[in-house]
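For reference, the structure I am asking about is given below.
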Amino acid sequence: MLSLFAADAVSAPAIFDWVWLIPAIMAGSFLTILLGSKRLKVPAHFIGIPAVIACLVLALVTAFSWIGYSSDVAHSGEVKSEESFGGTAETAGAPVPGFVDAGAPTVACVESKHGDDYDDDGDHDAFGAGELAFSGELELAVEEGEGGGGTPCPVINDVTWFSNGGDPEDGGSDITVGTLVDGQSVMLLVVVTFISTLVHIYSTDYVNGDRRYTHYFAFLSLFTASMLFMVLSSSTIQLIVGWELVGVCSFALIGHWWEEKPNSDAALKAFLTNRVGDIGLLIGMIILYFAAGKTFDITTINTMAVSGEISQNTLLVAGLCLMAAVMSKSGQFVLHTWLPDAMAGPTPVSALIHAATMVVAGVYLIGRLYAVFFIGFGISGGTLNAMALVGGITCVGAGLLAFVQADIKKVLAYSTVSQLGYMVLALGVGAYTAGMFHLFTHAIFKACLFLGAGSVSHACHHSFDMKADMGGLRKFMPKTFWTFVIASGALAGIPPLAGFWSKDEILVGAGVWAGTDGNGTFTLPFIFGMMAAAMTAGYMTRVIWLTFFGDYRGHGVPHESGPRITTPLIILAVGSVFAGFLNMPKPFVEKIGLPSSWGLWFEHQVEPAGIGSFPAIDHGKPSFSLAIVATLLGLGAAFLVWNYYKALYAKDHKATEVTDGLMSKIPLLKAGHTMLTEKYYLDHLYTGAIAGGTKGPLARAAYWFNQNVLDKTVDTAGKTAVATGRFVYKYIDQGAIDGAVNASGASASGGGQVLRRLQTGRVRQYATLMFGAAALMAAVFIVAI
Amino acid sequence: MYLNQFLFLSAVLFCIGVYGVLTRKNGVLVLMSIELILNAVNINLVAFGAFNADLGGQVFALFIIAVAAAEVGVGLAIVLLIYRNRRSIDVTEADLMKG
Amino acid sequence: MENAFLQDWGITIMVFLPLVGALIMMLIPADQEENHKTIALGTSLLTAAIGFWLCVDFWNLGEAEWANLHYVVDRNWISVINAKYLVGVDGISIPLIALTLLVVPLVIIYSWNHIPNPGNPKAFLILILVLHTGMLGSFVAQDLVLFFVFFEVVLLPMYFMIGVWGGEDRLYASIKFFLYTLFGSALMLVSFLALYWSTGSDTFVMAELAERVRVEDVKLGTQVLIFGGMFMGFGIKVPMFPFHTWLPDAHTQAPTQGSVILAAVLLKLGTYGFIRIAIQILPEAAIEWAPWIGLLAVIGIIYGALGCLAQTDMKRLIAFSSVAHMGYVMLGIATLTDFGMNAAIFGMVAHGLITGMLFFIAGSVKDRFHTLEIKRLGGLLLQAPRMGWILGFCTMASLGLPGLAGFWGEFPAILAAYQPADGISAPLFRVYMVVAAIGTVLAAGYLLWLLQRTAFGTPSEEFENDPEIHDMVFTEYVAWVPLLVLIVLFGFVPHLIFDLTDGTVSGFADAVTALGK
Amino acid sequence: MSGTIATLLATEIERPSIDWHAIAPELVLLGGGALVTVIDLIWLERVRKIMPTLTSLVFLAALVPVLTLWGDADALPRGLWIIDGTEPSAGVWEGAYVVDNYSLVLKGLFLLSAYVIVLLSTNYMSEGDYHDSEYYQLISASVLGMLVMSSSRDLISIFVALELVSIPAYLMAAWRKRDLKSNEAGLKYMLMGVFASAILLYGMSLLYGLAGSTLLSDIATTIDIGESKPIITLGIIFTIIGFGFKVSAVPFHTWAPDTYEGAPTPLTAFLAVASKAAGFVGLLNVAIVAFPTQADVVEPFMWVLAAITMTVGNLIALRQTNLVRMLAYSGVAQAGYMLAPLAVYSGLEDRATSAVVTYLVIYAAMNLGAFAVVIIAARKTRSGEITSYGGMFNYAPGLTVAMTLFLFSLAGIPPVGGWWAKFEVFRVLTEGNRASGIALAVVAAVNSVVAAFYYLNIAKQMWFMPTPDGDNSRIAIPPALTAAVVLTVIATIATGVLPGLVSDMTDFVNVAAGQ
């Protein structure tokens, strides 16, 4: 395989062959905690924290290796690429037939893969440990490659898990698992291990003394392992496996305090909503499996999508199916309802799973199969598509909802939904790097916010109610306050904090603002994005006011949290400040006099431009005016909110909402507000439809909901299903089908009863019967024959 | 003589016998009715034997006579038994078992 | 090469050893309960030893050989109809045999201190051993008449197990079970005979019949009718909608051991029959029937799930879930592709392990709480944390979580439905695929709901301080751990089964493909 | 005249040489029975105790020549006369009495059944106040009739054999003299029996008239002369009805439930098994040997008879509360299955015969077993009600298992014998691929499910229900009855697991030719 490339080809660092260790370590940690912690009398975090730190180290080593590798490739490629532009393919190092897009130096990344399958029984030991230890045949295909375009191909280490339906030649297929190392996965690797490490440390204080401390850490480990497993997937089936496993961990951790029904309800809701999306995931993956010639291999699927071997219609259908999965996992409208409920779990879990990592799985999925989406949805040159629309609606819709929450975590949850919408919007408009970058920065500052919220509630007797139990906390817990403010600023997109950069790039990517030139002109998504930018600043200001300013409305005296809580906060706050600098626009970098290579550094590492498995996307050009306008919008919204609360404070030190303001005077606004407090009636809609198709006016639906369903938020579809189930069971199963069976039995028995009357006991009648029958039959037969 | 005259006689006897079996309540009369049927059979057999110039029919008839005697013997014994226990030979009264 | 002893005697000893054990037990007075348990366990372990030896020996033959029959013993049995004592194993029987060999000893171990009312371990264990023979025999028989006899042998013991040791409604349930199955097998027998006559009436050997159907060019109409008879026979056993109504009753009323065996092995006789007999012999008719089987399968998936949601009894819920799960198995079979049939066999094994486990748990819950009414349960995790976690684990496995065995029965079946064998309408099966995928949501719904209402929350007042409620006991550990381990193992190493079945199944699928083109 | 007499005196009659070996079973039974009677007459009460033993020894002794005949397979078939190679010494009734595989199997069946019935009767008779010596002699006589029946190929001998089977049975049915039910059983059986044989005889007389011969094989060849079809039909139907009564086919079955219930139970077993088998043998003989050309009459008639017999029998059996009555109706239904092959016999005479005989053999084993259990159970429960069998599993597990096997065999569930019997019936029905056969097969299949229901009901009582009086003390089973149960269980299982045991014997070739 290597021989296919030029002699001076850069070989991939050995670490890439060993990244499978990272999830394996966490899986080992899980098993050790589960089976050993109590027996060895070792606190669970003694196992979990070293494991996760080891993973973090490995992830960082991988990341630095990737950086080095990609720059090596870029370096060697730069020379070549200039030559290859001239059309001399042989010097491009990859004279591989096919996939060569005219003009663009595309490098095929899969062709060498199935070129020679060979059984390599000698290599068992390499995978002899961890979860990749498979008995039987082991097929090892190491693929390394680098492109002439300066971007390395993903480094894939696959083992054939098993074959099904005969050999591949006979129409069967190999099912492979392995690791796929490229910029995107390395980035997630770092994010997951980093946040996970901090959450582990934070948790030692936060859930200290919890009755299921061990169990908590075990699942934290399992979650991290599953997430990493998913991130490193080289095949869609592996991705499905990881996808489901993180869902289960989420289920287990949301329902961590399952003694209370609302918690387990929330866990169920989360799992079931995700299952709904999984329908799309399964079907989408199946469509791609067949479309790509019976393979689950992600690189192959992408390559074939790019090369046009899979028709756009197929890609569109598959993409739409996968969107369902994205919508559930990444909380897009209308499947987002589980995410706010998921706040029932412990706060560090919310930070890790429901803000920084698991919920971005959907975004990650889009990025992983970007060719499928990009080409399927026709993003290039488009004006609107399902993905951008869903993202846009989500970021605005959820932003609005965030304004009316009293629960600090719920605000953050809706904010997460909104920001996930942002990322989906970014990917929907073709701004791949912007989406990924926002994922990256958001993970940091949102984790910081959640952990901050946890710290606050730690101080306020485990309440999350901003209105009832908080206020004026800045005096009591300065560290929490400052980190929270910084992270909020980052979220709101205040320059130069992290969120500013990523958000700006998304808005640029929409290609609407003059001079930005994206993949198309996505006007509506752009408007949504601007609105969301303003709203974000607004609701975060509200949170900060209600939590940290004004007078303390709770009881007791709050206190600052311990170092195990505040240290992670500080680390994340620092990250929130600096993360954005990783991907500054080139013009800006040049203007402030930094080396040009600092600009778009993130993009260079993450975006696999120019290789055969990645679509040719256009990049928008940054615009100072857009940045300024967007920032001003945010600041303006913040200012308005701030003044609103300030005025309120002046009237009444304990007030949190205006009771006789415009809201209550203007019906339209009032209706709007109710709409928001009722979460757009989505839960009502689902449940209402179930419980008997109530079609009354909205208000009645709301009333009904309040009275009957609030304390019984069973999963929406569940209730219809239960009702249907009852009906079917009672009337069809037990009634019709079983009834028919029983009735035939009864009629047989009844027939017997009637026939018994023949047997009168009188011998004369017996004789009559005998002779009568004989005579009758004789007569019939004589006549008939 | 024609064969059908015998056959007709036999058929009439058979019908009378059947009628007797189906209508008589008295056990002895029922047995006698059966004897009528058997004699109808005998007439048939003898007539057919003559018609076919075959001894078999007459032999058969002899066997029937002998067996009928045994049958009636046993039959009467049972009727007597019934009479002893029930003081009645009305066969229609015997309906302890039915259904 | 096969081991010479196993070649001559392996299968025969394996199949009939339990019967020998049962005979020995018959001679021992009933009051020596310990002896009975020991003999039963010993017999089943010995059977398992020989059986697993056979399995291992089979495994060592190498993948290329797995598609063929091995350890074939061919003796005349009923010479007037040329029915033979023809037994042998290949890739699709081995997994099911192994499952049977595993489950029966576990059930006997579980019985050690869980003999249901009204006691009498002697009779109970004898019945289990007789069942054992019947089940193993069905999986090794390669002659239709022989198969039929073994297929029916399992009826009796199961009937009594439900009827004597069952719950309150046991009489109704046992008779229903019996009559349904009998009805199916009567029709199945008629179709076997029809097959016999239409192929030249000189063999009942499955492989030969398959060959003859092709050579004699049996009319498609006849084939379809014969397939229909088999469909009834096997479909009732599976059970497919709408012949399923015996199952919830039988499961609910059966003692734990009976439910476990019923779920783990007995239902598989039907699906196994479909693959081994109906499809192998009548591939052409199978293509005609496939859309209908697929339809009933997906109806079963949704219907079973809806049935589950309506249940108030834990055991009945699990029972209904079998209808849904077997729907996936049947969907896989209906695609007539190797992928689908592989998935089906995997699904059989996975369902056997998982649902078997769930029934074990239900039995143990009943032992402790004396009720299975979901409303009255709750907080199992507090009172019996280990059992609660195992319940959680099993619900996850049952709803098809990747990484556990259930997934590999479900996902590939759905996948295969995207592209059924040639000659079957792909758009139709794609609709089935979507419906089946929706079924996975419902499955998650009822299973998690069950978990929530039984394991989560806090115990109700009536059981709060019940001293009878304790965590798992030794026999439960011994009986359950192997199943749990296998659920994980097959989740991660699915090719343990896929590789075994692939060869044989591909052969059947190729026959279908050849016709479909 | 005198010359004639002188001639007659002087003429040496060429005595046809009798094949003593061929009729040895009958002779042994006849001689043995006579001997037992003489012994009884001489020693009276003193030998009463050994009467059953003696009788059963006679049956076993008669079995010996059956076996030797079977072993001398090359000499089969053989008749009453020895036919020397050169000049066949055609007797008057040449071909009227045939000893072939078919008749030997049946003779073996009758003798073994009789043996078991003696085992069943031993305690029953000695414990009641009965005339047991006479009872055994009557049984011997009846069994002799059966042996004759199986070899008879002539209307006269069939008739005589039939009466020889029946007349002792009339008496035995009423054996419990002071029991009104037993009287009634005897009366009903006798009246219906003689009426049926009268009808049979009328039919036979018509057949004789048209054929000019009483020999079945002659009837087969001469009867097929078109013009007298109505008479032939009448003759055939009346003849069949006579046997239909004997095998208790609906609607000629009415006597059976009442007689079964009222008669002494061992005698009931005798009627249900041996006597019924004799009826089937007669039926087979006339249908297969005499009417091969009359399938257009016989087959539809048999079809109707079989269908209504199994259906009505099963449906009424569903509602029975008395076990013996239920077994009676079950026997009616079983007769329906046995009649079924005759609904498609044309062209398949041998196969149909094989199926019926196979069924008879297996049916004998399982039904005798069931009656054995009934007799044993009655010693404790003193009742024939099905509910009185409740809880039997608790006090007599072995007996319960045995009964269960019999019941499942009757229901036709592998691996006990009944399945093979039914299988053979199904096989014949579907063999010709004729619509009528397949339709009847479906009727039979549905019926077997219905039948399973009431068989299960008994199993249910024994296994699942509590003991009615709560008395779970074990019951002592006399050795004779134990032996009977063990024998029948072995036979039931063996025939199911290795059907070849029966089928190899009943795989007849060319029964119709009587050769």
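Read from first to last, the chains carry the letters A, B, C and D; within each, the first residue is number 1.
Basically, a residue touches a chain if its C-beta (ideal position, glycine included) is under 8 Å from a C-beta of that chain, and two chains touch if they have at least 3 such contacts.
The structure presented is a predicted model; accordingly, all values stated were derived computationally and were not measured.
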Core chain by centroid distance, with centroids computed from Cα atoms only | C
Max Cα-centre separation from subunit A goes to chain B
Check B-D against A-C and say which one is joined by more contacting C-beta pairs.
-> A-C
From the C-alpha centre of subunit B to that of subunit C, how far is it in Å?
-> 64
Subunit B and subunit D, separation of their C-alpha mean positions in angstrom = 25
Please compute the C-alpha centroid of subunit A, do the same for subunit C, then give the distance between them in whole Å.
-> 37
Computed distance of Cα centres, subunit B from subunit A, in Å | 97
Among the residues of subunit B, which ones contact at least 2 other chains?
-> 21, 91, 94-99
Please set out, as single numbers or ranges, the residues of subunit A touching at least two other chains.
-> 745, 756, 759, 761, 763, 767, 771
Where subunit D touches two or more other chains, by residue | 187-188, 191, 195, 199, 257-258, 319, 453
Pairwise, the chains that touch are A-B, A-C, A-D, B-D, C-D
So in the complex, which bits of subunit A are touching subunit D?
-> 745, 748-749, 751-753, 755-756, 758-759, 761, 763, 765-767, 769-771, 773-774, 777-778, 781-782, 785
Over in the complex, which subunit D residues touch subunit C? Could you list them?
-> 354, 393, 397-398, 401, 404, 408, 411, 413-415, 419-420, 423, 426-427, 430-431, 433, 441-442, 445-446, 448-449, 452-453, 456, 459-460, 463-464, 498-500, 503-504, 507
Contact footprint of subunit D on subunit C as seen in their complex = 26, 30, 76-81, 120, 122-123, 145, 148-153, 155-156, 159-160, 163-164, 170-171, 174-175, 178-179, 182-183, 186-187, 189-190, 193-194, 196-198, 201
Using the touch rule from the top, collect the residues of subunit C that touch subunit A in their complex.
-> 176, 179-180, 242, 245, 303, 305-311, 337-339, 342, 379, 381-382, 396, 401-403, 407, 411-412, 414-415, 418-419, 433-434, 437-438, 440-442, 444-446, 448-449, 452, 455-458, 492-496, 498-499, 502, 506, 509
Residue set of subunit B touching subunit A in the complex reads 18, 21-23, 25, 91-92, 94-99
